[in-house]
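To keep things simple, chains are lettered A, B, C and D as they appear, and every chain counts its residues starting from 1.
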Amino acid sequence: MTVPRDFDCVVKHREQVLCGVVKTVFDCAEIASHALPGQFVQIEPSPDVFPVTRRPITINRLTGNGFELLFDVVGSGTELMAQMRPGDTVRVLGPLGRGWAIDPGSSWLLIGGGLGAAGFQFLMNSVDSVTVLIGASGSDRVVPLDSCRVITEDGSAGEKGLVTALISEELLDGADSIAVCGPVAMMEAVWNTIPEKHRRKVQVSTESRMGCGWGVCDGCSIPVSGGGYKKCCREGPVFPGVEIDWKRWKEAGL
Amino acid sequence: MSFPPAIRRKFWGHDFSSPVMLASGTAGFGEELLDLKCLSGVGAVVSKAVTLKPREGNLPPRLLETPFGLLNSIGLANPGVHHVLNCILPAAAALPCPFLINVAGESVDEFADVVNILEDSSVHIGYEINVSCPNVAEGGTAFGVDPEVVLRVAQGVSRVTDRPFSVKLTPNGGDIVQSAEAAVEGGASAVTVCNTFLGMHIDWKTGKSVIRRKVAGYTSPALLPLVVAKVWQVSNAVSVPVISSGGVSRGEDVLQLLAAGAQMVQVGTRLMRRPFAASELMDEMKKLTGE
Amino acid sequence: MSFPPAIRRKFWGHDFSSPVMLASGTAGFGEELLDLKCLSGVGAVVSKAVTLKPREGNLPPRLLETPFGLLNSIGLANPGVHHVLNCILPAAAALPCPFLINVAGESVDEFADVVNILEDSSVHIGYEINVSCPNVAEGGTAFGVDPEVVLRVAQGVSRVTDRPFSVKLTPNGGDIVQSAEAAVEGGASAVTVCNTFLGMHIDWKTGKSVIRRKVAGYTSPALLPLVVAKVWQVSNAVSVPVISSGGVSRGEDVLQLLAAGAQMVQVGTRLMRRPFAASELMDEMKKLTGE
Amino acid sequence: MTVPRDFDCVVKHREQVLCGVVKTVFDCAEIASHALPGQFVQIEPSPDVFPVTRRPITINRLTGNGFELLFDVVGSGTELMAQMRPGDTVRVLGPLGRGWAIDPGSSWLLIGGGLGAAGFQFLMNSVDSVTVLIGASGSDRVVPLDSCRVITEDGSAGEKGLVTALISEELLDGADSIAVCGPVAMMEAVWNTIPEKHRRKVQVSTESRMGCGWGVCDGCSIPVSGGGYKKCCREGPVFPGVEIDWKRWKEAGL
């Protein structure tokens, strides 16, 4: 595992993309050269004392000399982050966590829901063979990726329906690894759609409210099968699907 | 005491070039600190709470940030004293600074039982006895508010160890000065002032608390004046050193707590945001005092 | 209770279109409110504390702002109950909303003595009995932490008035639920949760507190989660309405306290900065709930 | 007494003057048309929740359509105020307090110490005959006034010494009213320099830490002769010198 470090990164680019979503590019050669697909960074929304914790965001893709984030503006922390402008210096801790476990030469099926597909481009760039399925509420919530099959709830982009409708036995058979990322309810639906025999291939990228993001506070627990918890920030955010205790995770209702 | 307070100091017979201790529950068992190499400026590390049996901790969500602070409901998650002793403490030996083990229990006797087992390790210089966790049903706040219980817990610990220990007191009711005096009477070599304040956030749209145990431990830099008052009251009342815990976000906060009578100063929530908090606080203090 | 909580409500048999009360000590006796015409959105006004004899209050400085809150050490400055009755209350009759008189005392009997004298006025709908001022040597916090004393104070007041009264409790030690229960047993028609938290600021350069009594009453919007927790605990334990006091700076804070179980919500420190706070809070609440 | 009101004022002009002192001009016809010399305003340093109280500043002078403030940057509140720029909207409560009691046709002697002379121009513009004495630490701390005699501690402007040295029996005899404003120690020295027989003519402009600024909190007490306190914000800030309990005021050490 690479050791995360705490950097003052300069914002290079900032753009409003999709509906309520902001794309921000940071310069940081060190994070860029160490980051692996599925890892995240901890962003300081403000140099002020408040908010007292950072905000975890997945590395969406690497740029030449840095990395790009794609985030939903959902509360006060992401609102502050949305105000970051080119030239601003921002404290960023990273790269953090365990990303996707990638076997050389494996073929991948990626299943994303909404902003959960943020980070897929990085994974796509790192594997040889990949099929991508994206579900979103509407066209204005479809994360832009090099190539993917899209389905939207309102039919405004791609087919009309839920992403589970795109999952076929054929796609599952053809994949060595299956990556799932999105809201918990979507991930659970995908999990339930995937037949038992394919489940060992599934990896899921989890989310949890984080305190530290680097393993010291035990605030980000994900319930695992057989009882107990694992830390989303350090042992995750990507876990084998079979390791998750889906029942308790849903009960937690994060 | 002379003012400005000296940054270097003695505590439990050890020389500390930094008064900054990393607070229990916000520094793990040291493993991540070693990984991140963020131990510069750290005077001492306090482990997360250890109990007799393994504790899974509370069902998530365990954290909720409010506009000016953080609610936590971890619930003393830990793998139990035997696992800590055998699998975790050996690695903590690599820490370049003194290490204290925070001990919690569900009954008066359990504290001493845990300490007794930990006596097999020589990694730690002493204990912090946590009679004040607001996030558990048994052995938490209710223990800390009753001086009689504090006395018995401290006496129990005294009987099984010769190492120094601090009793971590609660701000949530009772009389903290009386509890501190009881701890000292029971043999405590320090008192930690104090654990987290009981807090709560309710969603007005639904009337529900996001945190399952409803109330949780609240931390905020805005609580500093409350901690300063308690440190000042307790340090004027007891003869043992006071370790402050709570409210630190800036170097001048540490200096203020030292001036209020703290011998060592813990930092918790700030560390979670800033892994290098201890070193940053030390830089700020040195700049302010010229020491 | 239904959620979101209704903004209009009943309290002590009166209909209130606003749950916002102006807290004791931050609204004078109403004279300045009338001058500024800032009474729109105000549900009720609570007077500053009235004692038997005139009290000069503490030697200045009486205020100190910290980065995230305010320390006050006013010391119950007031011209005494006779002057209040004869020279001040008549003017308060012009207030367009219900008026409560906050009463303090240095002994158990003094509370009832003051109330007894005030019974000659018909300006006020009831009393708030302040057994919790942190800024005086006698009759303050020490009273509020002892349920036995709270009971006797409440019984004394009950004997001399038929008007409803609330007992304002302290967050500084003891068990606030027990004190609330004692107040109700003694005849209180409400409890106010709670008075200011004990806080302190020390100048690290000199070791001195700017405030002469060293500790003071601390208020801050960051204390809201502590007040929410106490309001929730107390309102689940007693049958009388709970008036919350502390931590409000936004409309959603008022809604949260109502959701936590408060029947009325006081605002103090925010009012000092924003004379029109009540009207601003009401606007924010109406926007949020659509009521 | 005019009723103060709470206005959203627009910053018209902002300038760094003297050493560590900022001059800010606000537009507000209503405050300008009601304000009297010696009154003050309560400024909201930030629209944020913190700081929780406002900052009281004397009206230095009226401008055509508004008023000018002159303030020392001494702490976090005034630092935030120093960042206000033309076009910014700032919440201002005013005009507040009782200013100088001015008898028509009276001749005035004004004695100011440092930034205490802020506000003197407004008073000078409002009386017919006036002599002004100003003491300051150095030339970079002399408040600019239409005409005045200056003395500085370091001799860098005017004479060298303390302002008490400029006070003469002749000046005191010639004045119907004497206005004193400055740090407490300076005001006390001036008070002690003025012979008993002239003291009834003296008015002093006091300062105190303020909570509300409009009379409700009792936080701004000034000790008065014969015991007790008066509110700086409502019964002051200008008081007859004889009304002050100088001994207790000094003890309070505001």
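As a working rule, a residue touches a chain if its C-beta (ideal position, glycine included) is under 8 Å from a C-beta of that chain, and two chains touch if they have at least 3 such contacts.
Note that the coordinates shown come from a computational prediction; the quantities given were computed from them, not determined experimentally.
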Mutual neighbours - chains that touch chain C and chain D alike: none
Assembly fragments, chain C aside and the remaining chains unmoved: A, B | D
Interchain centroid distance [CA atoms averaged], chain A/chain D, Å: 59
Between chain D and chain B, distance of the C-alpha-averaged centres to the nearest whole Å: 48
Interchain centroid distance [CA atoms averaged], chain A/chain B, Å: 34
Of all residues in chain A, the ones touching two or more other chains: 49
For chain C, residues that touch 2 or more chains besides their own: 67-69, 220-221
Overall pattern in which the protein chains touch one another (line/ring/star/complete/other): line
Chains grouped in pairs wherever the two touch, ordered by label: A-B, B-C, C-D
Of chain B, residues touching chain C in the complex: 1, 3-5, 66-69, 71, 145, 173-176, 197-207, 214-215, 218, 220-226, 228-230, 232-233, 252, 255-256, 258-260
Contact set on chain B toward chain A in their complex: 25-28, 31-33, 35-37, 48, 56-57, 59-65, 67-70, 72, 74, 77, 219-221, 249, 269-276
Complex contact set, residues of chain D against chain C: 3-6, 44, 49-54, 76-77, 93, 208-212, 214-223, 227-229, 234, 248, 251-252, 254
